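So, here come the structures, one by one.
In the two complexes below, chain A is the common chain; its partner is chain B in one and chain C in the other.
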Partner chain A sequence: MTGRRAWLLIALGLGVLAALPLLSTGSVLTWGFQVLLYVALAQSWNVLGGFGGQVSLGHAAFFGLGAVVTRMMWLSGHPLGVALSAGMVAATVAGVLIGAPTLRLRGPYFAIGTLAVAEILRITVSNVFPEVSTLSAPALASYALAPRYLLALMAAALSTLVAWMLTQTRFGYGLAVVRDDEAVAEAVGVNAFRHKLAVFVLSSALAGLTGGVFGYYHVSFYPQFAFSPLWTFDALLITFFGGTGTVWGPPLAAAVYLLFREVLALRLVELHVLVFGILFVLVVLAFPGGLLAAWRALSAGRVRQTHRS
Partner chain B sequence: MTENIWAEVQGMRRRAVVILIAAVMLSGLPQRGVGALPATVKLGAVIPLTGRFAGGGGQVRAGYEFAVVDVNARGGVRVGDRQIPLELVVLDDESDPTKTVSRLETLVAQQGVAAYLGGFGSDLHAAAAAVAEKNRIPYCGVAFALHAIHQQGFKFLFSPFIKSPDIAIGTYRFLNASVPSEQRPRSVAIFAERTDWGRELARLWTTRSAEFGYRVVVAEEYSVGARDFSDIILRAKAAGAEAVFSVPTPPDGLAIIRQMKELDFSPKAIVMIRAADAVSWTQALGKDGDYVVLAPGWHHAFTYPGVAEINAKHQQRFGRPADVLVGPSYACVQIVVNAIERAGSLDPVAIRDAMATTDLQTVEGPVRFRSDGTGIVPFVLVQWQGGVQQLVWPQGAGATAFQYPAPPWRGR
Partner chain C sequence: MTSVLLQNAVFGLLLGGLYGLGAVGLSLVFGVLAVLNVAHGELIMLGGYVSVWLFTLWRVDPFVSALVAGPVLFLVGAVLFRLFFRRLVSFAEDDRIKTSILIGFGLALVVQTLAILAWGADERAVTPPYAGTVMTMGTVVVPLSRLGALGLAFLVLGGVHLFLTRTRVGTALRATADDEQGAVLVGIPIGTAYLRAFALGSALAGVAGALVSVSDAVSPAIGLHWTLKALIVIVLGGMGNIFGTFMAGLFLGLAESTSGFLLGNAYREVVGLMLFLLVLSIRPRGLLTRS
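Moving on to the complex of A and B:
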């Protein structure tokens, strides 16, 4: 596919997604919102874990900070744009504060370190804000899904654009070297720590924005649940499912993952968690490189077959 | 050669997984009927069937299922001049309020339900009620005593279940009626869960204590899922507390009782609402779970019409009379069905309006609703006695004597 054709297809896809609120019912839009939210979240983790090679288990902290700060500011009367920006800034600042010390650690120590920080934040938030945050009855009466959906689309598009830029820019190339071998990166003049910190902060900001969209979308939630480790693990699973370090793997995987999870929940009731886990393991075993790699392998297989015949 | 075979096996494995995924997904596509009225009237229930509230959630589900079977046995729901079978769609929220919300959205998106039925636990209901309000679909929830959520001005929330203000007063009235004046546990310790419901009830127990002759000597908060309760237990012991009031989750409740025993703190009365509701309480604690009082909203010893039949069904399926939450859950279905029949329509707003004017004899007694959606229902207290839940309040109506005081742990 030529570059021009690809851009045309992307623009067309975005156009269709942006027009969805005009074309579809609330049910499709709700599902679309969830997929886009997970695309944005997974992509924000992919930027750090896939492109940067830093497996963080504390991603929920930034999502949660974005959600809580945005919601509190929005519900206290600030314009939505200001509230979303504040949520993103809070997550960015937290990214610097948490990233600077934890990125001195490597491999499993980094993973455990980030998980510990996120859990500390979750417990603190649950102690300070233990009560449910519910929209008032008048706010619920005028609740509109379309703007929430469009915000999620914006967050998903932005995070995917950031992921794409990492495949095109000098910073992205430097990051790829750091991911593959830090010693080599230092040897060729790439400052590994600065690259890691920069991508950590970038990832945190995107997670904060996604959290902000979640905070604006949900009619009611407990603040501590926005810090649940499940937000980290869902993002991580979707990224691995789609293909780490790829631009289009997480969006593809988010759609399949959510469809899969919701259909199982609908059909199997309390057994769905168990069956989902088993099927997920089967999928990972069958497609070790992720959905995108499987798709490419299938396409390559078809091309070879065409050539043979 | 070997590589070719291996590649083929890999390919087959991938195809098999793809086919499996496709089959699962296609099987979940909604099947919609054609015509003005659907083939079934769908009630959507999001219940915690896994996670911290699984025990209580299982009881709620059983109540809904029994009620739906009974309604269908008499021909279904009468909508105008048609009898339509009732269909229960149950989803598990894994005891996670965020999933409660998304699953309620799924029920509307995929199933087109006429009304929502709630799960178990105040925090899950609090999250769910707002979704019902947004979607303008009536919501009937039991096992849910949080009063604050009824003060938001919601119009689609109904709960035929006792609420915190009635529990606070009812607890003291019960103690005064059941225990002679000189033996009453006048010094009360409140172990307040750091949640909206935990705080609400702690505040109400404290503010209402003096007028009934009690004094709150300790009111300490703890976090949900805390492992160590020794600090608050020792404070209560040091203050000479004779009664402990709390509303923990089942895992926290078990931990509190075990640690009270380890620290040899033996109050005369223990009121432990929610944690002691499920049968798993006595299975986990044995005789240490005895003497604990709970406020589940119902008991199988009730003599209202239909209770004996529920007990027989429960006995047949689970080998014991109906659990405490089965009755209120059953009543919820009775209320919704009655509202649909009076509305003569499946329009959720019409059903909501009919529910607001409910005046129905159910398996939990006569039910009416206040304007805030709280039910006017009997207040019930149950005590674990010899590994069995016995009705101890209201007196009469099948109630047994309240066992008091609770003996020291070592003496059991």
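Moving on to the complex of A and C:
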């Protein structure tokens, strides 16, 4: 596919997605919102875990900060844009404060350390804000799904754009070297720690934005729910299923994941977690490249066969 | 004031014994295999359900169930190793740890969901006839069932210590932990050593789970809680030394109960995590590095 055709296709896809609120309402639009929210969430993790190679288990902390800060600003009367920016700034600042110490941890301790930080935040938030946050009656009366959907589309597009930029820019190349071998990175003059911190903060900011969209969308939720480790787990499942460090894997996997959830939820509430948990383990063991790599391997095999015949 | 502090300390130590026992299995597996099984808490949860079911069906005493949960989880561990973790053995150590975290994480989700499907999400408790009995020493109250759990935890750990130091199989496990290549060179079948260590670690989780059911509610969701406690304990206590791990468990229990008393119960969970981060920030590779 040549560059121009790819861009045309993407623009067309975005146009169709943006037009969806005109065509449908209710359950389809809600499902669309969920998919886009999870695309943004998974992609924000993919930027750090896939492209940066830093497996963080504390992603929920930044999603939660974005959600709670945006929600509070918005409910206290600030314009939505200001509220979303505030949520993003809070997540960005937290990204610097949390990333700088935890990125110095080696091996498994980065994963566990980030999980510990996220749990500390979750527990603290549940202590400080124990009350459920519900929209006021007038806010509820004027509630519309379409703007929420469009915001989620924006967040999903932005985080996917960032992921794509990492495949194109000097910073992205540097990051790839750091991910594959830090010693080599340092030897060729790439500052490993700076690259890791930068991508950690970038990922946190995107997670904060996604959290903000969630905080704006949800009618009523306990603040601690936005900090639940489930947000991290979902992001991981989707990213690994789609393919870590790929641009189009996570969006594809998010759609499949939520389709599964929709279909299986009719029977039993948590069945999709079971299915995806098993798929996740199989993917980690057998196809470290995820859905996209598996598909490419299969189609490459097919191409080779046709050449031979 | 002093008596309240003392009372808190007693409760902290009683809980800490469970933290210690819960962590020893994880520490053993990490030491021998360089595999960090973050589904360890889910194995503890399964041990808890063994006790809950034996009690619900036949009124089996939880202390007896603990001795059943061990072998049951030994088998579960052996199966999990065969199916999933065995494939990691050929990985280089860094990759092995990273991948094992991911696999453990996926397994944790699967086991937890299976538990919800099989037994529902409700909390369940075991209530033997002596559940409320306490022993009073001066102003301090000691619940007998918890004291018994601490005692049994200590006995089990003593047994594991003897097994590791006094038997050929145990010595082979320690040799594998110390130096994998060396172990291969002296003819230790390390595939078998890995299997045994993983199954034994799982069995210890099973015993811990059954003892947890003595004093705490059991539900499919408790796994992450116990995994986190075990991780904190092995980072605090260092690795390879069973009694070191156990002492770290007691210390964590004591630190939690004391800080719960000083700062309010809402923050007791935070203290352990803070300690954990503090130790890691001083020693970024943790206290438990294999060197």
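Just so we're on the same page, the second predicted complex is superposed on the first by the 278 of 309 C-alpha atoms of A that agree within 3 Å, B and C clash if a C-alpha of one lies under 4 Å from a C-alpha of the other, contacts with A are read in each partner's own complex, and residues count from 1 in each chain.
Quick note on the criterion: a contact is a pair of C-beta atoms (placed from the backbone, for glycine too) under 8 Å apart; a residue touches a chain by one contact, two chains touch by 3 or more.
Every value quoted in this text rests on a predicted model; they were computed, and no experiment measured them.
When the shared chain is aligned, chain B and chain C each come close enough to touch A:123. Of the two partner chains placed around the shared chain by superposition, chain B is the only one that A:260 touches, whereas chain C remains out of contact. Contacts of A:280 after superposition on the shared chain: chain C is touched, whereas chain B is not. Of the two partner chains placed by the overlay, neither chain B nor chain C lies in contact with A:60. Of the two partner chains, neither chain B nor chain C is touched by A:155.
The partner of chain A that touches more of its residues, comparing chain B with chain C, is B. Of the two partner chains, neither chain B nor chain C is touched by A:176.
Under the contact criterion defined above, the residues of chain A that touch both chain B in one complex and chain C in the other are 123, 127, 270, 273, 285. Chain contact summary for the complex, chain A toward chain C: residues 55, 57, 101, 104-109, 111-113, 115-117, 119-120, 123-124, 127, 229, 233, 236-237, 240, 268, 270-271, 273-274, 276-278, 280-281, 284-285.
Contacts from chain B toward chain A in the complex involve residues 11, 13-14, 16-17, 20-21, 24-25, 27-28, 49-50, 54, 90-92, 94, 96-98, 101-103, 105-106, 108-110, 123, 126-131, 133-134, 149, 152-155, 194-196, 198-199, 223-224. On chain A, the positions that touch chain B within their shared complex are 26-28, 30-31, 34, 123, 126-127, 130-132, 134-138, 140-141, 143, 218-222, 225-226, 228, 230, 256, 259-260, 262-267, 269-270, 272-273, 279, 282-283, 285-287, 294, 301. Residues 36, 84, 87, 94, 97-99, 101-103, 105-107, 109-110, 113-114, 116-117, 224, 228, 231-232, 235, 266-267, 269-270, 273-274, 276-277, 280-281, 284-286 of chain C touch chain A in their complex.
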